[in-house]
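Take this structure, written in structure tokens, and hold onto it; I'll ask about it next.
Labels run A, B, C, D and E following the written order; every chain starts at residue 1.
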């Protein structure tokens, strides 16, 4: 049995970075998976500006730091991502542009899930 | 065993908001999940106007209010979303533009599903 | 055990509407689900013309009539839909434009599926 | 237990058509499913030329012949399809344009799968 | 039980090729599957340059070499792929353009998975 939680993050020049880390909160003592559904550039974004969201996480002792979304007014305002992250913490940073970029995703929390088990199955 | 129901919503300047809340109706006393498949801008939409659909819902006592679709004539008239919402009520609002924006989605109703169980599994 | 059948429909000014209704045929006395994979505008479509496909179906005594694809030469010639319909009949109509619009989809036929059961599971 | 095999096909003016028919080979005496993931127009494709890939197959004694991809330099060079074909043979033909169009897909081969069973389940 | 690992690769003119081959490392003695989620062109990519990523792998003694992503500034900066590779090694090469192209994907490692079994099931 899995519990899924919808969640949203908005990155902008005044809030460039946010870390998803449910395990750091007492209410979520269980295994996690984060699934980022899409990134969307807000209607007030500046024209002629590239907006780039980078993700940073650890996986099996290897650090990953890679851009996952690149958005621009008049070109691409909305991108489906469907990228999964098996372990918290995961940090999203707006490394270029002033946004706002809205990320929508969902957590999967499994009370009975053992470590390393694929929660997708 | 799950039952799924296809449903559609059209938002416009004369009908800017609609709330999905099957649990408020007597016929649906069971757990729910809403899956929004796509948003589509109607052929009579105004040019040079951004249309933005915002979703508002609660999840584990946290309120979420985030744009999920941004559509414009000549640029993007149709967007696949595939965003799931675990709990009703979910409110969709056309916060910018006059539409019409057509949302198509499906409810999953599970007679035997316990609270918090992932109906997708 | 499910059987799936690939199928295609082409809508144009000379064939504006088609109804999917396998239960009306003696060979398919079982439960059904229709999954529309994509819509594609043929290479001979007229420029400067919007092509709009509308779907009409019934679901739990509620009628749904909503556009599902909007295509235009030079802008969007191909759209992934992945929209499911739990019950036949489902009618697709080219409500604007002269097409041709090619729809490709698949039926899922379940010999053992009980009414209201989610065939996706 | 299923076996899946990645495979690629390139269609061009000198090789306009290719048939997928693993059952015709002695090494694959089992049931099959073909899943076409995407079509991609090669970097040397001619500008101002539409490239159209048509699929032709049989399903329950009905013949299907329908375009599945339409690609053009400067407009759409890459399209996700995710279209499944339950039965071989399936023939892909470049009915317009000179390509090259690269199709990437995968076969699912099920040793224990009974006829008509949905291998995705 | 499956373990999934998120991973990223960046290809550019100074690092044109990378091979995914977890079986060559002692820490991963198990069966594998690679799922490439998306390709994204970095914000500093050159305008007017096509960037093409080719994949090369073996499958059942057949060699496959096919382009999987084609990206260009101002046209397509980000493409969802969702292409699976059943067997390592898989080599990604930037055969045209100077990038950078960021690939994001995930490995599925199954301790109990038998050879040829579809890990997706």
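Criterion: contacts are C-beta pairs under 8 Å (C-beta built on N, C-alpha and C of every residue); 3 or more make two chains touch, one makes a residue touch a chain.
Everything numeric here is computed off the predicted structure, so don't read it as measured data.
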Remark   = Label-sorted list of chains bordering both chain A and chain C is B
Ask   = Going by the stated contact rule, which chains contact chain A and chain D alike?
value = E
Remark   = At minimum, the number of touching-chain hops separating chain B from chain E is 2
Message = Same residues or different residues where chain B meets chain C? The copies count as same if more than half of the interface numbers are shared.
response = different
Note = Two copies, chain C and chain D, superposed on Cα atoms differ by a rotation in degrees, nearest 5, of 70
Key: chain B and chain D: spacing of chain centres that average the CA atoms, whole Å   = 34
Remark   = So, in whole Å, the Cα centroid of chain D is separated from that of chain E by 21
Inquiry  = Two-or-more-chain contact residues of chain B, please, as numbers and ranges.
reply    = 80, 82
Query = Touch graph of the chains shown: is it line, ring, star, complete or other?
reply = ring
Query = In their shared complex, at which residues does chain B touch chain A?
reply = 50, 52, 57, 59-60, 62, 64-70, 72, 75-76, 79-86, 96, 114, 116-118, 120-121
Remark   = Given the complex, residues on chain A that touch chain B span 1-8, 10, 37-38, 40-43, 74, 77-78, 80, 82, 102, 104, 106, 108
